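Two complexes are shown next, each including chain A; its partner changes from chain B in the first to chain C in the second.
And now, the complex of A and B:
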């Protein structure tokens, strides 16, 4: 109960800070954000866009962990958990792509330019899209659960490569790519401490929100499965 | 007040985002409660 109220307060704070705190060239007050050359006001997307891709990774990781657990214990509840996590990962992956594309329109000039980051997230969407195609193609819940668990584990192998490695070793437009003059990985590019605090609070808030969505999601999935079994 | 919002459009965006967030939160909260009641209802029935 307490964490739900904590989530509400935290996310509200992040929204207020992320949107209204001004970006100035030389931060002097505690609420000032620094100006990042080439990004300007666009830089505020970091509080809402980066957490979505962060949740994508966490969700796909949890899907893999529960898939492993399913294969070891053969408990269908674990399959529901893995499936819901993969679903949420997919939703947040699409959100990251769409918010990124909208941002790119104003930062790079077009919605889509096959930047390494965009290409890799597109590949990721295809890989995990196939998981849902696989699930809907197989009859028999245990066979479906086993096959999708194995697929989910294999699919996750590609996630670190597509999200963390490839966009960083290739030249591109996205902040954090190999030839980025703003230097360094995305997280420590010229953020001041105030900006970092808001950023990490945002990550925490989104993680709790994801946890709650996942929790409600798999519980309803399990209840639905049980009711279906009683009817048939 | 009205003049302030007219001059600083970003705060209108903020108000909209906060309304959306409150809506999502309220939806999740009621969903959670409803689900809990279903869970307790079906708990007695064996699989």
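And now, the complex of A and C:
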């Protein structure tokens, strides 16, 4: 219970700080964010957009890990865990895509411009979609679990190409692209310390939120499967 | 390895007997290229577009032809016999080699057709394109073989194949399109070494992942 209250406090703090803290040219108070030329107020997306895409990848990683565990131990509970992680990953993937596209309209001038990172989030959406299409196509839960585990592992080995290789060798608009002059770690680029604190708090809050959702999700999925077996 | 070659030989002789792949894929290529020609009409298209269209045709031809490797075994009911006779690794190698041969012959036909029909399909550095072509074809064959195995076990759902294969092939195809552009611009092989390395990594990763995972798909 305590950590749920902690999550609530953390999430409230992040929302309030991320939305209301002013961006000023010369930060003097503790709650001032620095002005980043070319981004201005748009810079605040980093508190919400980056955590959602982070969760997208974490969820995919967890789905793959539980798929590997399923293939080793053939325990259907692991499949439920992998499936729930994939479901949540899909939700966060859509959130990241939509927030990114809306933001891009105001910052870059168009909703979609096939920047390498947009391509990779699109590919992740396709992978999640394909995974659910495959699951719905197969009857028999063990076969379904095996095939979707294998597919999610194969899909996962291509993810490094999308997330780490393509955005860095191709020209793009996101920080960290090949033609980015202030290349370097994406996180600390031009953020001052209080911005970083809010950003990391937001990452932590979103991760806890995801973990909670996943925990509730997979337990209800297991119960649902068991009930279905009892009925039939 | 011996049983893999035997499987390859068996696939070849059954292919020569029915000529399914040769006939239907050959016609598929002709149809796709003519649809592209009709849609272009008298329009003058630039060279990068022909490079992109080339890989589009390659993708869809692979999607229509390569799933047969395992689907045909399931259709004829020979999958169980195969399971008894050979180890999963050698089955994957045999099917993979057959698909490599199929992809190479298919893509050679497409490349020849493209260079005959599109005058803009020209390379300043042909060597780079040939490198990309060879490494890319192996990658296409590797990932479509393992996806074909999944499809065959999922009840041979034909529409599912491109859906499952596209996200897996996407990094490969994007890099290939990039390399084709660079070959058209006349980059040397050392200029584009990063992209070639990405392609090569993709091949190695895909083949090893497929070898490791094929066991789980194949055993019911």
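In this text, the second predicted complex is superposed on the first by the 228 of 232 C-alpha atoms of A that agree within 3 Å, B and C clash if a C-alpha of one lies under 4 Å from a C-alpha of the other, contacts with A are read in each partner's own complex, and residues count from 1 in each chain.
Methods note: a residue touches a chain if its C-beta (ideal position, glycine included) is under 8 Å from a C-beta of that chain, and two chains touch if they have at least 3 such contacts.
The model shown is predicted, which means the values in this text are computed figures rather than measured ones.
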Chain B versus chain C as contact partner of A:150, first or second or both or neither
second
According to the stated criteria, A:126 is in contact with first (chain B), second (chain C), both, or neither; which is it? second
Larger residue footprint on chain A, choosing between chain B and chain C, goes to C
Q.
Going by the contact rule set out at the top, does A:11 touch chain B (first), chain C (second), both, or neither?
A. first
Under the stated touch criterion, which partner chain does A:105 make contact with: chain B (first), chain C (second), both, or neither?
neither
Inquiry  = With both complexes overlaid on chain A, does A:73 touch chain B (first), chain C (second), both or neither?
reply    = neither
Chain B and chain C footprints on chain A meet at residues none
Per the touch rule above, chain B residues touching chain A in the complex are 10-11, 13-14, 17-18, 21, 25, 28-29, 31-32, 35, 38-39, 42, 45, 47
The chain A residues in contact with chain B across the complex are 4, 7-8, 11-12, 15-16, 19-20, 212-213, 215-216, 219-220, 223, 226-227, 229-230
Seen from chain C, its contact residues with chain A in the complex are 143, 146-147, 150, 153-155, 157, 160, 163-164, 166-168, 170-171, 174-175, 178, 194-195, 198, 202, 205-206, 209-210, 213, 216-217, 220
In the complex, chain A touches chain C at residues 71, 119, 123, 126-127, 129-130, 133-134, 137-139, 143, 146-147, 149-151, 153-155, 157-158, 161-162, 165-166, 169-170
